[in-house]
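Report on one structure; see the data block that follows.
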Amino acid sequence: MAKTTLGGIEMEIDEDGFIQEPDKWNKEIAEDIAKLESAYPMTEEHWKLVNYLRDYFLKYEIAPPIRMLVKQTGLDLKKIYQLFPGGPAKGACKIAGLPKPTGCV
Amino acid sequence: MAKTTLGGIEMEIDEDGFIQEPDKWNKEIAEDIAKLESAYPMTEEHWKLVNYLRDYFLKYEIAPPIRMLVKQTGLDLKKIYQLFPGGPAKGACKIAGLPKPTGCV
Amino acid sequence: MDEDTPLLDELEKGPWPSYVKEIKRMAKKNKAAKDLLGIQELSYKDRVTHWKHGGIVGVTGYGSGVIGRYCDVPEKFPDAAAFHTMRVNHPAGWFYSTKSLRQLCDIWEQYGSGMTNMHGSTGDAILLGTTTDNLQPCFDSLTEAGFDLGGSGSALRTIAGCVGQARCEWSNFDTLKLVYDLTMEFQDEIHRPRWPYKFKIKASGCPNDCVAAIARADFTIIGTWRDTLRIDQNAVRNYVDNGFDIKTLVVDRCPSEALEWDEKNKELKLQADDCVRCMHCINKMTKAIRPGVEGGATILIGGKAPIIKGAYLSWVLVPFMKIEPPYDEIKDLLRKIWDWWDENGRTRERLAELIERIGLKNFLKEMGIPPVPQMVYKPRANPYVYF
Amino acid sequence: MDEDTPLLDELEKGPWPSYVKEIKRMAKKNKAAKDLLGIQELSYKDRVTHWKHGGIVGVTGYGSGVIGRYCDVPEKFPDAAAFHTMRVNHPAGWFYSTKSLRQLCDIWEQYGSGMTNMHGSTGDAILLGTTTDNLQPCFDSLTEAGFDLGGSGSALRTIAGCVGQARCEWSNFDTLKLVYDLTMEFQDEIHRPRWPYKFKIKASGCPNDCVAAIARADFTIIGTWRDTLRIDQNAVRNYVDNGFDIKTLVVDRCPSEALEWDEKNKELKLQADDCVRCMHCINKMTKAIRPGVEGGATILIGGKAPIIKGAYLSWVLVPFMKIEPPYDEIKDLLRKIWDWWDENGRTRERLAELIERIGLKNFLKEMGIPPVPQMVYKPRANPYVYF
Amino acid sequence: MGRTDIGPPDYREMLPDAIKMNYGKWKYHENVRAGVLKHVSETGDEVYTVRVGSPRLVSIDFIRDLCDIADKYCDGHLRFTSRSNIEFITDNKSNVNGIIEEAAKLGLPAGGTGNSISNIIHTQGWIHCHSAATDASGLVKAIMDEMYEYFTSMKLPAFVRIAVACCINMCGAVHCSDLAIVGVHRKPPKVDNEKVLAQCEIPTTIQSCPTGAIRRNPDPNIKSVVVREDLCMYCANCFTVCPAMPLADAEGDGVAIYVGGKVSNARKPPMFSRMVVPFLPNTPPRWTEVVDVLKKIVEIYAGSAKKYERMGEWIERIGWEKFFRLTEIPFTDQHIDDFTHAVETYRTTTQFKW
Amino acid sequence: MGRTDIGPPDYREMLPDAIKMNYGKWKYHENVRAGVLKHVSETGDEVYTVRVGSPRLVSIDFIRDLCDIADKYCDGHLRFTSRSNIEFITDNKSNVNGIIEEAAKLGLPAGGTGNSISNIIHTQGWIHCHSAATDASGLVKAIMDEMYEYFTSMKLPAFVRIAVACCINMCGAVHCSDLAIVGVHRKPPKVDNEKVLAQCEIPTTIQSCPTGAIRRNPDPNIKSVVVREDLCMYCANCFTVCPAMPLADAEGDGVAIYVGGKVSNARKPPMFSRMVVPFLPNTPPRWTEVVDVLKKIVEIYAGSAKKYERMGEWIERIGWEKFFRLTEIPFTDQHIDDFTHAVETYRTTTQFKW
């Protein structure tokens, strides 16, 4: 597994840049990933989504369904792709420090 | 619902003589029912079975399956019918103050 | 009549024999029957049953054979306040001498309402309506007369079989002998409930299944033959010569396309290998076609009504078994099944439901029965295999 | 060759065209293709896959269209360490001009391994093997050339249809037009996953179902006709006169016994009412029998592979629908279905599984579609009815 | 205390001589006329059976009447069939008419053989069962009055077996009959909390529900159960194990009609009956609506089926969609299965009729 | 950033003239010979299609070769079929032989039309998929080499569709093919607890299991899952959602063979393929055992089926018991279904053959 420096600390990441030590996640790390994901600088709306993802994950141990995400954040899918060109999975989840969404590709 | 005197107190019973106020059950009541069920005097083996039924019911809220009853008390079905001519359901359960076995007839 | 039964009276009209007439007939001389009539009229008026949930009553030493029943308006109908039925095990094949039938009537005149069902749908002679006090003396008189009670509750139920070799040319084994033998062997299992739920055995002498065993028995024995059906070509020609449309009515209806009518040679050809012994050609050409001579039965398991998981038709377990006294193979199999079911079954879980839950594969293993394609219509389609 | 591939070399032998030859052909000039060959040989030796669980990579603005893939022995095969595929949405009907195909080849020569699947089983042109860095420029070149990515992930998948009216006489509506129109309408749904799971749409022009829609699509559109099939009796006679055994090969094979061969009048009689439009007689007598003229389609839903609850074939939802631009009826229905599924479905629960869980009855109610017997083979057998 | 476990009488003592002598030697049989069978033995013996109808629910005097006939003509023996008909057996052909006439005097028709409508398999109903959602004996009488001509003749394409069960426990084995009438509830059980405490095993009650509609009462002070009414399909299985949960209701109760089942393995394998009328209200004493539907189905079947084609075989051939069209019975969402194996009934083909 | 959501090229720009002019006007077709179709239009036009086989997994140079042929004979157009064959279309009859010859030079046989074995629908296998329990392309090559004569002729009773899927996700839609080969695992997943923590959603993982075999690790300190191996049937669905649970294993993996499925609605409704060989080990490069079984089945089918009878129709007619007898494939308990709707496959009749 590769290592890289994020938020000033050395972090293990996988090939797609998802962090492998979820407990170490912090805002600085998030912003550093956001740079790689063309989602920088992070606005309030970026944070709203990232925080929602993170809170949801900590509570339920899964990423929220897109429908829920859209309903709860008030951001439609189009907008989400504007904020995170990589989309909710590749972009926002990565920044929020969630496990790599798997399932069906 | 009919009333009758069992173990010295007035008890509500159904048509088949099953007591309707399970919390009032005691040994005297049991022995009085046993008289009606031709299972009197109650020997140690009678009590073994009645107590097993009662304990099982209090723990699991159901009467034990016959197979369990036989295994756990060491009394085979033949013996049980000798002790309780009415059998485990009509005889022993009634004496043990359990609800009337329903299910399949 | 002092009873006023305008609704039931309607059912005295019409050509079919009337059960209302029958109740009235008894009501004249029997108080319980009279109250039964009243209760029935009340139900017709109210459009609900007036019987309460079953009681638990019985005779000494038995856990089954009696269905307790109480009326929910005992004040109005005191003579049918308790109205239990006794299930009297019928003689195999439902044959009776008038002597024994009259004895049954006399006993029931003395102890019951005088009303009966000849027969209940499991097969018992149902004596309909008596009191708790009368149960034991009635039972004693019954055994005196050579009768005994049948099954009820979580017990083996009264075993039934078709008329079989007694009056049917197609029976591939002696259904009555088997039914009687099993009934005698398993008296304890019939009279003393011990299992998770009821268990039913039925036997038909051929695939026509005249006791509807396949739909109603946990253990279903259906006669069949191992060799080839017998065709009398002369008799066949006789049918055809008399205008019987053998092509349309028999050949085209054979489910496995095993028959061919050779118009030229006037011969009915059988591809023996393909015959699935459905009985159709035999049924329709009784004088010309007969089952083979190597008789026996297919054993199927699991038939039942909808409660709880839905209805099941019985499944093939043993494609062919010789059925001969002392019937040890069948008895051993039954005991093995009961033991496994009793050990693994939940309360009120019938055999089919248990097997569905635990898997036919595991059941077969426990029974030591090797899998054969005859057990299934088709192999699995899903790839979810336990290796 | 510096690669030693004794196992794969075996697959260069034999008459069928060899994919190994194809890889070798590219391996000569492309490093990724060369490493692919090595990885494949290693798998043949080890008898396990050497690919790791899917990565998550893609192009800007899309959530789908790319399948990430990494090799588990990157040290040995650095040039195929990352080996993502791009799913390129094919033109409806898989028709290509050589011009556009050559463009595709050129782009893939520049950015990828040069290996492709023509086509993947959903229908995409699969560009097999590129690096994360190459994804975006490759995509940009593709769109430049008029191509776009297809679906992947929990999105609408690339829609496919049979060749239809382009080269088939039986197509009851214009499959290519419909496929193209729906694909254009639902670009957002294809490219940006949003649902509980994948969703597939396939369209066949007639019940022969040449894209296997009924087995593979959540939403299956199969052409049929509302009126009566057309028989050209002269052409029929031609077949028969030329020795075609119409009785055995057609009449007897009609699943609904709707056909009769009138030997005397040399006429093929149809009981139109009984025809279930199975296509058989049409298929076998192409010059004499044709579908009716009132074309449209049956809409079925729920087809899928075994994961999770087992495989499903699609079920009839709308027995007959006209399929004409602007296809509003179909689009509205799709949107309604997606909305309901998205609202009620669990993660990775496909439409059929959700309907099975919640009940077809409830689904119909939500869709506002009245129940008709055409939806079922047979009514329920169990009495467990919600009133 | 009397004897126990003696078992039923030995059938051998119950057989008439004509049967005993030819036991296991039968060669073939003929349907002489409706209600009369002739069985021919390898020995050359000919034995006649006269089958007559019975209401099944009978008095002991009725049985004595039967005995009188049997004593006169049948060597003092008789038998009942698996459908509760009565069979008088004789090896004397000239007895046949006598039996038929004497039975007729008692009001008992000869019939039920061959391609007829035989007696109805039925159950207790309001005569004896707490579980009944309808009456059985009354329904049977009303139906058989109407089907009488089919009992006494053999003019149908094949025989039609009818069964009645007064609740979905289906003691009448309704689930595999050509025509089946079953009593159904349509209201969820009403839970009597006090009675639950005294009379019911709560775990058994919860487990009894096929749809998981029963839960413990959330109030820990109430030792009872609650029913999630939206999940309840009124099967009454909870009532069977817990008397404190009755469902019977004059408005809620009624009957459903199922058709097309069969048991025999002749031609097609056994089949379940399938729902065609989800509900008709109880209209005692004659259940006219029910009888009308049945009559209509039988007549359409008689007119449309091929010879020897059972009801279910006929329907499978023409298709259920055509069955509903021909009978003009409305198809509703209740016809669509939604229980465990429901998906197996969904049509997975474009093949259908209009 | 480039354009997005432009969609695929408009099919109308991709059609050859011969097609454009007769679009929607086709009248009938003929099978001229294996690999050649003739479609006749209402306009009187005749259009010829030459279909040739393809390994599906091809290089860009292969495609360019195809384009060369199409440029020469087909107006610069070609198409692929739903089974990955290549179709060259021309309205000039005299082009047909040229196309066939040029394709042959490239090693591509004409065929796959009519009652043939067409190309195999298949999947990625060891070429690209992490989930694969076998290879697809290699299996396909090995099988098609053996079936070659059936591709280039039309001598079977009906066409036989083959599909290969490298795991039970069945991307190859194996579940409804006349012959289907599917990769299967036989070892439960090996859980890597550390990876689970970083890479998996635990609730999703638990829910993914069709048999409920996955639970949270009972040790609260280990945030991971455990697998009840007795409940696991190796479907790999957990692995799909959780990379930390691989199942691949050289000894455990192999293929199963399913037969008798179909998709078309012709005659019989669509049917699922059914298991006939539960497991054969992977024996790359030529999977001889697998190929032998398939060949045997095809030959027995070819010899026994009626004309126009698909594999599954043939088996339904003769019965599965006879199929197993004819093919001498052993019947095992693995053939007996034990998943959700298993009971629907159990034989509920005495009708069977030996």
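Chains: A, B, C, D, E and F, in written order; residue numbering restarts at 1 for each.
As a working rule, a contact is a pair of C-beta atoms (placed from the backbone, for glycine too) under 8 Å apart; a residue touches a chain by one contact, two chains touch by 3 or more.
Please read these numbers as outputs of a predicted model, since none were measured by experiment.
Over half of the residue numbers at the subunit E-subunit F interface are used by both copies of the sequence. Matching the C-alpha atoms of subunit C with those of subunit D calls for a turn of 180 degrees, to the nearest 5. With every chain reduced to the mean of its CA atoms, the largest distance from subunit D is reached by B. With centres set at the average Cα position, the gap from subunit B to subunit D is 67 Å.
Computed from the mean C-alpha positions, the centre of subunit B lies at a distance of 34 Å from the centre of subunit C.
With centres defined as mean CA coordinates, subunit E is found 12 Å away from subunit C. For this pair, subunit B with subunit E, the centres built from the Cα atoms lie 38 Å apart. Residue numbers of subunit F whose C-beta contacts span two or more other chains: 1, 168, 170, 175, 204, 210, 235, 240-241, 243, 265, 270, 272, 339, 341, 343, 348-351.
Within subunit B, contacts with two or more other chains are made by residues 14, 18, 62, 85, 100, 102-104.
Contacts with at least two other chains are made by residues 53-54, 60-62, 67, 188, 207, 214, 222, 255, 277-278, 306, 310-311, 313, 347-348, 381-384 of subunit C.
The chain pairs satisfying the stated touch condition come to A-D, A-F, B-C, B-E, C-D, C-E, C-F, D-E, D-F, E-F.
Within the complex formed with subunit F, the residues of subunit A that make contact are 14, 18-22, 60-63, 85, 99-100, 102-104. The touching residues of subunit F, when paired with subunit E in their complex, are 265, 269-270, 341, 343-344, 348-351. Within the complex formed with subunit E, the subunit C residues making contact are 7-8, 10-11, 13-23, 25-26, 33, 36, 39-40, 43-44, 46-54, 60-62, 67, 69, 83, 85, 88-102, 104-106, 108-109, 114-119, 121, 123, 128-129, 139-140, 143-144, 146-148, 150, 160, 162-163, 165-169, 171, 174, 176, 179-180, 183-184, 187-188, 191, 207-212, 214-216, 222, 248-249, 253-255, 277-280, 283-284, 286-287, 290, 305-311, 313, 346-348. Chain contact summary for the complex, subunit C toward subunit F: residues 207, 214, 222, 224, 255-257, 273-278, 298, 300, 312-316, 319, 352, 356, 359-361, 364-365, 371-387. Interface residues of subunit F, counted against subunit D in their complex, comprise 1-11, 13-16, 19, 23-24, 26-30, 39, 47, 49, 53-64, 66-67, 70-71, 76-82, 84, 86, 89, 106-109, 121-123, 125-132, 135, 137-138, 140-142, 144-145, 148, 151, 168-173, 175-176, 204, 207-208, 210, 235, 237, 239-241, 243, 246, 248-250, 253, 263-268, 270, 272, 282, 284-286, 307-308, 339-341.
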